[in-house]
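Two complexes come next, and they have one chain in common, chain A, joined by chain B in the first and chain C in the second.
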Partner chain A sequence: MHQFVKLLPFILLFFVYGVILTGPLLAPHDPFVSSLEEALQAPGAGHFLGTDANGRDILSLILYSARISLAVSFCVVLCCLFLGTTLGFIAGFFGGPLDRLFLFTADVFQAFPGILLAITVAAFIPQSLINMILLLSFVGWVSYARLIRAGVLSLKSRDYILAATVLGLPKSRILWRHVFPNLAGPVIVQASFGMAGVILAESALSFLGLGLPAGTPSLGKLMDQGVNLLLVAPYVSIFPGAVIMFFVLSFNFVGDSLREKFDV
Partner chain B sequence: MPLYFLKRLMTLVPTMFVVVTLVFFLLRLIPGDPVDFILGENALPSARQELVKTYRFDRPVFEQYCLYLQNLFKGNLGRSYFSEKPVNAKIRQRYGATLQLAFASVLWAVVLSLPLGVLSAVKKNTLFDRLTLVFSLVGVSLPSFYLGPLLALLFSIHLDWFPLSGSDLPGSLFLPSITLGLGMAALLTRMTRASLIEVLSRDYIRTAMAKGLSPFKVVVKHALRTALIPLIAVLGLQFGTLLAGTVITEKIFSWPGLGSLMLESINQRDYALVQGCVLLIAFTYVVVNLLTDFFYMLVDPRLRLIKDQQ
Partner chain C sequence: MNDIILTASNLKKTFPIHGGIFYRKIARVNALNGVSFSLKRGRTLGVVGESGCGKSTLGKTLLRLYEPDSGGAVFEGRDVFSLKPDALLKLRQDMQMIFQDPYASLNPRMTVGSIIGEPLNIHRIGTREDRKKKVEAILAIVGMRKEALSRYPHEFSGGQRQRIGIARALALRPKLIIADEPVSALDVSIQSQIINLMIELQREFGITYIFIAHNLAVVEYVSDEVAVMYLGHIVEIAEKRALFNRPSHPYTLSLLSAIPVPEPDLKNSRERIILKGDVPSPIHPPSGCPFHPRCFKATEECRHAMPVLDDVAGDGALHKVACFNR
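For the complex of A and B:
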């Protein structure tokens, strides 16, 4: 029973993510078609979650934009993992001037609150899906790299690494077969929290009008529209907001359980 | 100790330098002519010339940069492209409102998180503790652009207790500040709990208990003092996230601060003003972090010793 309770959120998550990933198949309406006659209809039979100011079906919009939001976050976390792992490894393993350069760069990045950096850069670059992914990776890689660097540094002096070196194993083999597997736990935990953070950041930027380009459905943009319609049509912001919160909550939750499991 | 302060103060210089450089070059990184970018391609030639002359866009980038730095040293952030008023004056008008919002939010965070964190640490693994955990998990995951509208719906549209937007009416600080502060409150609650639980297991607490002090005294006078020290650092770091968060909160509640000024100027492509806002927010963040660092040293004598040895 206890096991089941622990697994329940994961099962729920799989179910909901299944729904979201197959979103376009399930969406009852085409979210790109707007008809002003159907604008701002309250949730009801025809439109399960109502319609927005352009008469687009909110449920369909949510299904489409949630998929995009997840895909963007997944790409960003992958980019961060790649960048962070590479740079963190180099800095931690080779040390010396490379490490000092790394530390300086990391300090500079963190001297500036991440989301402010994202807002600032987003204000200057053209809006597109790719730019969004690049921007959020640019802002996010540092914490992964720091984690990897710290891990490599602490593992480097362990006896078994020393033994591997004495055996004459090549550096690349030591890194991949002996160091990396021992860092996987904390990195996975970080990636899980990272997903939550990126989903938040992406919708925040879209909410501010600095995120995904016009024509790409986005939960943040729906929220933006909804805040202005709070008096007449609160449902425009309530449902998309709940979806964002669900995403963030679930990734934070998964991160927490993984942290317990990996004991990091 | 004074030496450490001085050293730490000096780290401000390169940090701000990098921030200034980044903010300056962002505008120049955009492909194409910045004048086209600011005025649009169909601008009148006279307007273009005017802009080129004022900002020396016809000079090499390095020269423009030096000029920008020179002006910054004099405390001059340039003129708004849009209204042609000095950036300093525009920013000064809004800075107070943002600081007010930020500090009110920190106050909320501390006022909420201290009792919750302490009680859940003392009543570890009870129902209260579980509920607090749920609160903090939800609080951390609740984006301000969702919490804000929800609070506005409940407290201002349905109950009509607080104004929906602006900053003129009494009580208008309430909704924006709680929107901004709740996430931080949730985080601090968790950290207070963890920190206090760790301290409560130490020997000197057992001694205090053994000599018959009341549990209240042990927790508040002996344990809490030690437990709160690491939280000061978190508070300083989180303040940055909070400052950046003002941009979102100010937009939701039309709070007339730096954040909403920044958004307005982004929409008007008024990049001198955007640069000014970013610099001021970054500067505030750096200074607050510096102050937290100093404060941290003041309250924890052990740290003073370590830093002096370095």
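For the complex of A and C:
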């Protein structure tokens, strides 16, 4: 039973992501076809979660846009991991001037609130899916790099790393065999919290009209559409908002349980 | 049988301290200030001293975990500090280390089998089957059961972990093992087991030890020779009996007077030397003899001149002291 409770978020996540990834196949309507006769219908038999101001089916819109939001955050976390791991490793492992340069850069980045930096940069670049991914990676890599750097620094002076050196293991293999495996835990945890953060950031930017280009549905944009209709048709904003909340919660739960698992 | 396995000559090692916005070198910690000794095969050299006296730095420098600023070391005719990478790899088979903290010296994500097998893999010794057998044999030598192989370090007690650490050091059949306070993190009851294991291994495989410790009773038990270190200097080095019976350096005298005596009657008859002050900072070592600010025998000479290690035995036995007023 205890085991089951622990696995629950994973099972739930697995199920819902299955639904989302196959979204376009399951969507009951074409979300890109608007029909004004059907505008702003309350949730009911024809449209399970109602329709928006253009008469588009909200459930279908959510299924399409959740997929995109998920893809964006996955790509961003991957980019951050790549950038952060590489730079954090170099800074932590080689130290000296490289490390000081890294720290200075990281301080500059972290001096701005992430979302503010993202908004500022977003105002200057054309809107596209790729630009969105690059933008959020640009804002997000620092915390990964700092985590990796700190991990490498503390591992570098561990006795088992010294022992491996005394045994004659070359530095590159010490990294692979002794440093990486002991960093994997915290990094995976950070990545799962990062997924949640990116979904929020992407939604926020889209909500502000700085996100994905027109024609690419996103959860934030869906919410944005509903703002003016909150009193008339609250479901237009509420359902996409609930999906965002679900994403963030589930990634945070997974992050928490992974953290417990990796704490030796 | 009494040939020299390792000679260290005038080893010096300083660590820079950086500071300020431009991260310049602002000072140096003098960890080793010209350490020389030679060690005979199959014997144990105990190295004692307070924390920060450079004894761990000495061990780690000899193993090239640190590069010395100057000075040299010769191990079986090989100049330790000028070896090329492949020659150094060969040297690593002969020189190994046992660490102080058995909780930090084993990778928590590796099984005991792969920890002990790692040195054999690195040096490509035998086939996969050979290595497996070897690992099992080594585990038996250090007194652990085969079931341990597939388990992880956190499943073992401190003493057992230290046995695993010893097994790892032993896997390459080294000729010299540098043990950096191998028992000071363990319970007293476990300490004796580990020390006796190390002594047994020495008898069986003819290993030479450099045994770094701050516990004089432990050092007296395991060592053949003892070196006393203070602020990066060896201030006295002698055969164990000579050192414990006829200590000549004031610092050694005060250290020995601090050993607890089991008989209360005897306790009163012995003079306890209590040093004044603290160990000076190794960043600003005192002029002259490094010990003079705390020494009860210090004279004007000690303040200006540095005493060198001088033979005091007279009969050819090893007993050298660096003091003007012995």
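One rule holds for everything that comes next: the second predicted complex is superposed on the first by the 261 of 264 C-alpha atoms of A that agree within 3 Å, B and C clash if a C-alpha of one lies under 4 Å from a C-alpha of the other, contacts with A are read in each partner's own complex, and residues count from 1 in each chain.
Going forward, contacts are C-beta pairs under 8 Å (C-beta built on N, C-alpha and C of every residue); 3 or more make two chains touch, one makes a residue touch a chain.
Treat the numbers as computed from the prediction; the structure is a model and nothing was measured.
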Report task. Give one word, clash or fit, describing how chain B and chain C relate on chain A after superposing. Result -> fit
Query raised in the report: Counting only touches as set out at the top, which of chain B and chain C does A:Asn182 meet: first, second, both, neither?
Result: second
Query raised in the report: Touch check for A:Leu167: first (chain B), second (chain C), both, or neither?
Result: second
**Report entry** Contacts of A:Arg100 with chain B and chain C, given as first, second, both or neither
**Finding:** second
Query raised in the report: Of the partners chain B and chain C, which touch A:Phe112 in the superposed model: first, second, both, neither?
Result: first
Report task. Look at A:Ala53 in the shared chain and tell me whether it touches chain B only, chain C only, both, or neither; answer first, second, both or neither. Result -> neither
Requested in this report: Using the superposition on chain A described above, determine whether A:Gly220 touches chain B (first), chain C (second), both, or neither.
Outcome: first
Query raised in the report: Of chain B and chain C, which one contacts the greater number of residues in chain A?
Result: B
Query raised in the report: Once the two structures are placed together by chain A, how many degrees is the angle at chain A between chain B and chain C, based on Cα centres and rounded to a multiple of 10?
Result: 90
Requested in this report: Have a look at where A:Asp159 lands relative to chain B and chain C in the superposition and call it first, second, both or neither.
Outcome: second
Report summary line: Min C-alpha distance chain B to chain C after superposition on A, in Å, is 9
Query raised in the report: Taking the contacts chain A makes with chain B in one complex and with chain C in the other, which residues are shared?
Result: none
Query - For the chain B and chain A complex, residues of the former touching the latter - result: 15, 18-19, 22-23, 26-27, 29-30, 137-138, 140-143, 145-146, 148-150, 152-153, 157, 164, 240-241, 243-245, 247-248, 251-252, 262-263, 266-267, 271, 274, 278, 281-282, 285-286
**Report entry** In the complex, chain A residues that touch chain C
**Finding:** 100, 158-160, 162-169, 177-178, 181-182, 264
Requested in this report: State the interface residues of chain A toward chain B in the complex, per the touch definition above.
Outcome: 107-108, 111-116, 119-121, 123-125, 196, 200, 203-204, 207-210, 220, 223-224, 226-227, 230-231, 234, 237-238, 241-242, 244-245, 248-249, 252-253, 256
Report summary line: chain A partner, complex, touching residues on chain C are 23, 60, 63, 65, 88-89, 92-93, 95-97, 99-101, 104-110, 118-119, 122-123, 154, 165, 168, 172
